[in-house]
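Alright, structures below, take your time with them.
In what comes next, chain A is part of two complexes: it sits with chain B in the first one and with chain C in the second one.
After this line comes the complex of A and B, so read on.
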């Protein structure tokens, strides 16, 4: 048997060798996640501009946007953490945590930047700082959800928490509510930033360490 | 002795009941997502209600309308997401093919998958309803809880769960459930921003709580939400999809009726003209609408200090009457008794502020139009009035003042009067009342 025959036996080889990062991105449906993030930011920008322009409303009407847009973006990031070959992945020689860290950090940075740009002006009341803080916190919650419940259902805990906080938060900002209802704070409350940052570090850390829960 | 045929035992085993032969409904009802959804609906509704208990725990209308808002705006997105999750289950588990080989038809298979979840959503809502109604019971004395609110809420929750289920079956995407939840929240909450009667198409919308729905309003509303959901369900599950036209036509008719009639589906409930009065050897006489009878002790206690100080003067003993009654010559109108604001759980929230507000309604205050006075006289009038008010009904307030005088503390205002001997004060106050009645600045006593 000559070399040519052996090659024929092995079947036709692929002429293009896809880069590993490309394969990784495709296996995690990153294009869809990116598309959802961009669409969310565009929708947030449009709706916040519309809300501000309504008669009898001012920039504080953006509270709906700074609440819902981060939830949606975090849901996209969280569900994007699903891997369909979890068992196979865990047999790999190289540690996965670096990839998970990079994946989560890049998507968080993108989501925070995009949504921050979507609500220009009035940083003191439901503007870019509130939006960025909420995005950070909700992405952290989604990452924790992915580690505990699995990526597909990662949006559930933060949605339940968020909707309860939305209704239950007192109208006056600050106080203990800045911690337990950080999503509803207008902006400069330090406690809300600390909460969101802690949630992100803990939730993100849990995901980076454990990975998304294995799903059937 | 007889021997059994070789085939017999095997046949008997086949005919024997299976060891664990529960109906699929029971299994779906007890396991998986459904019970958790029910518990979450209860928890979310109660958490939302609890945080605002001050506002609703005094009237049936307030309780039911806030529960309706929470059920639609929070329960709705939750139910649609849960339905969607349930609908996508077979696809996630890779058992779509297995389900397709089952011998039952599609309607039966779909119903048995969605009915337990719906049942749990309803249970979750009903538990929350019972809890909030029980919490309102001791403090609500007007009207009664209405079945119509619960009917429209229950139909809505069933409908949105079914719609979510169909979406979950049809759209194979991970983000379908959260996206549907967000869209449901926006879609149900957005009509509140509409000025027209179209807003009443959203099940979250309602008219003022002094109105009650007519008996057929829940039927029309249920036809609207239920019709849309039934149409979606039949398009997906029915053997003959054309049947979906019937509920769709019903929904369109009901929707047109709602948009057309708008608030006409509610009627105003007039407050009864019966009054209840409370009086005693000491303390003021207070009259309120009969349903507010329970408030009499709290109001009389709040006005006790004001009454005692007025007794020092030669004014007649006033009767304090609630807002709707006709006023007699010695009647003073009480501040509006608004549950959730100045009255919470049959208690006056801030007795001092309540007394101050009542004192402002005393007949000798505010009788002069300032146009007849010079600016200096008007200011003196106003200063003396503030002083007398601060004496009659002390409150720990700080009046924001104009720049030259600065803000004035209530204690400083009443200090000169408090320092006087009782007899001197009584004659001073009588002179003040005479001057205020005649609106004569020359008669105003000096302080």
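After this line comes the complex of A and C, so read on.
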């Protein structure tokens, strides 16, 4: 053993590889989550542009994108909340809630910003506002799913809800559907924003408070 | 290891209930520095006790004092965690991590000074005999090696209180022998509590043994005293149904007499 004297910047003993932030990021699969978020945003931008360009469609066809892309991004965030060394983590000196809050808030901000940029123009009909609102709500649902079911299945409740809302939502926006089918609202409906925000605060709060459910 | 790190463990009236099951029933115990073996059949309450002492599970009732601090007090619990090492039965690891990275991760959980972590990690990994595998992925190691990684992470902060739940599961006889020597070494300055099914671990490594049964303390004494109870029974008889060696016979004797007394005590 040669102690710490033989460290190099790129080697396995480099200070960066053993830095707490780096270990935490890798333990929570943050590189994978970030890659999925960027890929989802790129796919959303490409598909929305392609849909708008088709002769038989206009910008309202982006409803598919503003529905699916947030689900995919939220699934990436939710499954990334898995804690494999849960028992050891609970012996940590510092309480986890601050780290969980920071983790969720940063990923939410990034997902909302990236997906918001993916659908430019026509903010009144399935543009950036709808995409950002849906991302906020679905991430909240995924966080709640992680707290209640565990991170691996965190995508399941929001996918079931989202599918039901997609099939059952009326074509006319507003009304009670702005609450129970907020994912399908074109954009400016205040009730849909309030619902998404409430879901995020409650779901995210539940996760921050108790963490992801322990999984075998 | 040289100086006594001070403080032990005291529990009084400790009760742990899992839904309708009573895992620990108003247990009173204290552990001073040294190596303490925790014996008992499955479901006796050993893991429940270790989990409460490790501060990962909250007791239903009772008081727990670790290293001079009451764990119901947030600040004192935090201080105790800094000086605590814990190996659960299943500790979970991150597949992409090397041994070095995983042990460094636990050092970070314990808030060790960043500058001391690389050296501490290398020393503890060498101590458990994995120096040549320090940069191997944990997932590539055998079951016994992974167990040793678990022991390394529990020791990385040089704990004043070391809690080990079935630490020798998966170790071969040579590794178990080396591990017992390591326990004795750590136990010279720290309080070590080892939950195990293997009475030979207790016989050779522990200074004191506590036998739990049905959530209660069935016996406390030294391994020698427990062996003596086995010697008193059926001396010289071969194929004794109570066990193959004195400490096994002592273990069985204590358990049976405790089970006879238990229904009366609960009446």
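One rule holds in what follows: the second predicted complex is superposed on the first by the 199 of 216 C-alpha atoms of A that agree within 3 Å, B and C clash if a C-alpha of one lies under 4 Å from a C-alpha of the other, contacts with A are read in each partner's own complex, and residues count from 1 in each chain.
Just so it is clear, a contact is a pair of C-beta atoms (placed from the backbone, for glycine too) under 8 Å apart; a residue touches a chain by one contact, two chains touch by 3 or more.
No experiment lies behind these values; they were computed from the predicted model shown.
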Touching partner for A:17 - first (chain B), second (chain C), both, neither: second
Partner chain(s) touched by A:89 [first = chain B, second = chain C, both, neither]: second
Which superposed partner A:153 touches (first chain B, second chain C, both, neither): first
Chain B versus chain C as contact partner of A:117, first or second or both or neither: neither
Chain B versus chain C as contact partner of A:26, first or second or both or neither: second
Contacts of A:163 with chain B and chain C, given as first, second, both or neither: first
Touched partner set for A:71, first chain B, second chain C, both or neither: first
Residues of chain A defined as touching chain C within the complex: 1, 3-4, 7, 12-13, 15, 17-20, 23-24, 26-27, 84-94
Footprint of chain B on chain A - complex, ascending: 29, 36, 54, 64, 68, 71-72, 75-76, 79-80, 82, 151-153, 155-156, 159-160, 163-164, 167-170, 215-216
Residues of chain C that touch chain A when the two form their complex: 54-56, 78, 81-82, 84, 86, 88, 90-98, 100-101, 104-106, 108-111, 114, 117-119, 121-123, 126, 131, 135, 153
Of chain B, residues touching chain A in the complex: 40, 44, 47-48, 50-52, 70, 73-74, 77-78, 81, 85, 92-93, 174-175, 177-179, 181-182, 185-186, 189, 193
